[in-house]
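Each chain gets a letter, A, B and C, in the order it is written, and its residues are counted from 1.
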Amino acid sequence: MAWQLAVSFSSLHILPGPLEVVGGLADLIKHGLLLKYVVASLFRVTWGFVLAAILAIPLGLTIGWHRRAEMAFNPLLQILRPISPLAWIPIAILWFGVGDLASVFLIFLGCFFPLMLTAINAVQGVPAVFLNAARNFGLSPGAIVSRVLFPAVVPQLIVGLRITLGIAWLVVVAAEMIAVNSGLGFLIVDARNAGNRYDLVVAGMVVIGLIGLLLDAGMRSLESRHS
Amino acid sequence: MNKLSAQRVSMQFSRDGKTTNVLRDVNLEVAPGEFLCLLGPSGCGKSTLLSIIAGFLSPSAGAVKIDGEAVTGPDPRRIFVFQERGVFPWLTVAGNIAFGLSKLSRTDREQRIAHYVKLVGLEGFEKAYPAELSGGMKQRVEVARALAVNPDMLFLDEPFGALDSITRLTMRRELLRIWEAERNTVIFVTHDIDEAVQLADRVAVMSDRPATIQQVVNIDIPHPRDISSARYLELRDGIFRQLGLAHKV
Amino acid sequence: MNSFAEPRKWEKLFWPVVACALFLALWHFLVIWSATKVFPSPLAVERGIAELFRKALLWRYIGDSLRRVALGFGAAVLLGIPVGLTLGWYPAINRVINPVFQILRPISPIAWIPVSIILFGVGDKTAVFLIFLCAFFPIVVSCVDGVSNVPLMYRRAGRNFGLAPAQLLSRVVFPAALPQIIIGLRIALGVAWLVVVAAEMIAVDSGLGYLVIDARNSGKRYDLVVAAMLLIGVIGLVLDLLFRGIRNFKSVRWGFRNES
């Protein structure tokens, strides 16, 4: 409501009101484009995210476990982390060309570093008493990892996964705006370039926001069941 | 006239549709300058009663009057001392003690801080932060902070609960020394029978939930109290029996 | 198990140096081995940085990026902290506004770019607006969390000493919430740094982000691209370290006892 009022009162006749946005959404659904774009975006996110998780979590847990490894790799990680995945775009395009692989790579990068740092942090946060008790009971190193360490870090890992999934969602939209030609990010850029369809632009933003919310809510329900 | 008068105080909490009766028909009178202990097992509602008296909670029924006026909210004339967690961690010792003194002039304030730092035995730690202090020291900061505003009444809610039992003995002596110097009216909540008999002029023994005051015991031994004396043991055993506790471990 | 042995002091410097050296060596070797004509070796990157320095572009680009971050982040702090404190202090208002926040938050800053360009045109203001928008939410959230996590005991003590609500907020609630607010500020600064780079790649024509894109587009100068990336990483790290330094002030250090 406030939105509609704001648009009516402002002199910017370019920004669409909610009614036009809904119209734009309906348009997209009619042409079958909405589903196609959403699937494309989700597809890339899944690939990049899962790859990052599979690599980053075991690596991070290992590095966190060995103090010297953490001391060695931490500065490198801290320098690579603030580099936005977007800054990797030229390199990504150089290595993978314009297309799906490049955007998956970018999402992978965006998820890899935070997940690794979360895993390292989680291992270091395991109270010494847990590990001492495990050694006391004569558990083998393998058993310590699987029966004590892993359950202890799972809650923190899930929180990290949730935050990283959010990041992945942000990165995919950005990557699509620049480096591919399908997906929700592309929709936003294209709708503006090919005809100033700002109703579609905002519609795209709304869908992005809603899906982001759903992903986040989904992860939170996972969190509450595991903590 | 009595300093404090609680009449037919009752307290109920409702949560998720379930009502818990915490206090039932509590009547209490406290004389000026008196040291009174509220004694009872954990969870029996004595902290709730103290919160009501201090004005942080409103009773479901009944009324509390201090100096003849009804209690409607917290007041700087009656300071509540929490366990040492109540000390503000972002202020130094001096900063904490000065907390209630913002209306004073600078010289007055510094004088008062110095006086109370000395009184609680924390000279040299004025610039220390609570994170650097032990539990006992933090408790002293909180007591100093409370006393610095010269309140009429002090409410202490199991202040020594987080300390080890050896420190607790020292702190009790310190508290009595400070009280004898300042002579505020004190209400002290505890679950420790020995503590109550060692400190108080009178002990109000509270029953289990819904709590009411079972018995008020007059401790007629002058300070300093010999905790091996016959009279001390007699009074203590009386309370043991009142609470229905076994005498052998 | 070597992980339980206490590492000695010299090792703190030794291992990172070893790892970095290995990394650089690996990089150099891969470049030579793959005979790539485009991807730069570490030495090429270093020469690229020197070139930028000589052309006086280095400091100008860094300055542009930092300036935008300062403006956007500063605005987010000035607006975000009061809003966050208010929302935390009045939970009723928070319940109304929160759903709106939750929907707006996941929207990528990049997706806001078209809106931003409409409102501010291409240039500095767009970048600053985007940074502001993205830094705003973490700050508000951490303020709300900080305020609601203030122990009841502190508030009661404050009221006990006769503080009016306004004083309670400034003398008790704010200092007690400060550690959490600082965490939010640090996260927001990290986000701001990411967003400025992104915004510069798309919507402006100066700054480190712009350098990344421009170096490639006008001449495939990948040495400059990588140089820009490294600079972005290092400056981001420095900003983060600055904030970690703030945590050591004694009046907030109490809130960070569990962090490394």
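Rule of thumb we're sticking to: a contact is a pair of C-beta atoms (placed from the backbone, for glycine too) under 8 Å apart; a residue touches a chain by one contact, two chains touch by 3 or more.
Given the structure is predicted, the values throughout are model-derived calculations rather than measurements.
J.: Closest chain to the protein CA centroid?
T.: Given all protein C-alpha atoms shown, the central chain works out to be C.
J.: Relative to subunit C, which chain has the most distant C-alpha mean position?
T.: Taking each chain's C-alpha mean as its centre, the farthest from subunit C is B.
J.: Suppose each chain is reduced to the average of its Cα coordinates; what separation in Å results between subunit B and subunit C?
T.: So the centre of subunit B lies 48 Å away from the centre of subunit C.
J.: What's the distance between the Cα centroids of subunit A and subunit C, rounded to whole Å?
T.: 17
J.: Let me have the rounded angstrom distance from the C-alpha centre of subunit A over to the C-alpha centre of subunit B, please.
T.: Each chain reduced to its C-alpha mean, subunit A and subunit B end up 53 Å apart.
J.: Quick one: which bits of subunit C touch subunit B in the complex? Just the residue numbers, please.
T.: Against subunit B, subunit C makes touches at 151, 153-154, 156-157, 159-162, 171-172, 175-176, 178, 250-255, 257.
J.: Show which residues of subunit A lie in contact with subunit C when the two form their complex.
T.: 12, 14-15, 65-69, 71-76, 78-84, 86-91, 94, 121, 124, 141, 166, 169-171, 173-174, 177-178, 185, 188-189, 192, 198, 201-202, 204-205, 208-213, 215-216
J.: Any idea which subunit C residues touch subunit A in the complex?
T.: 1-3, 7, 11-12, 15-16, 18-20, 23, 38-39, 102-115, 118-119, 190, 193-195, 197-198, 201-202, 209, 212-213, 215-216, 222, 225-226, 228-230, 232-237, 239-240, 260
J.: So in the complex, the part of subunit B that touches subunit C is made up of which residues?
T.: Going by the criterion above, the answer is residues 54, 56, 73-76, 78-80, 82, 85-86, 88-91, 99-100, 129-131, 149.
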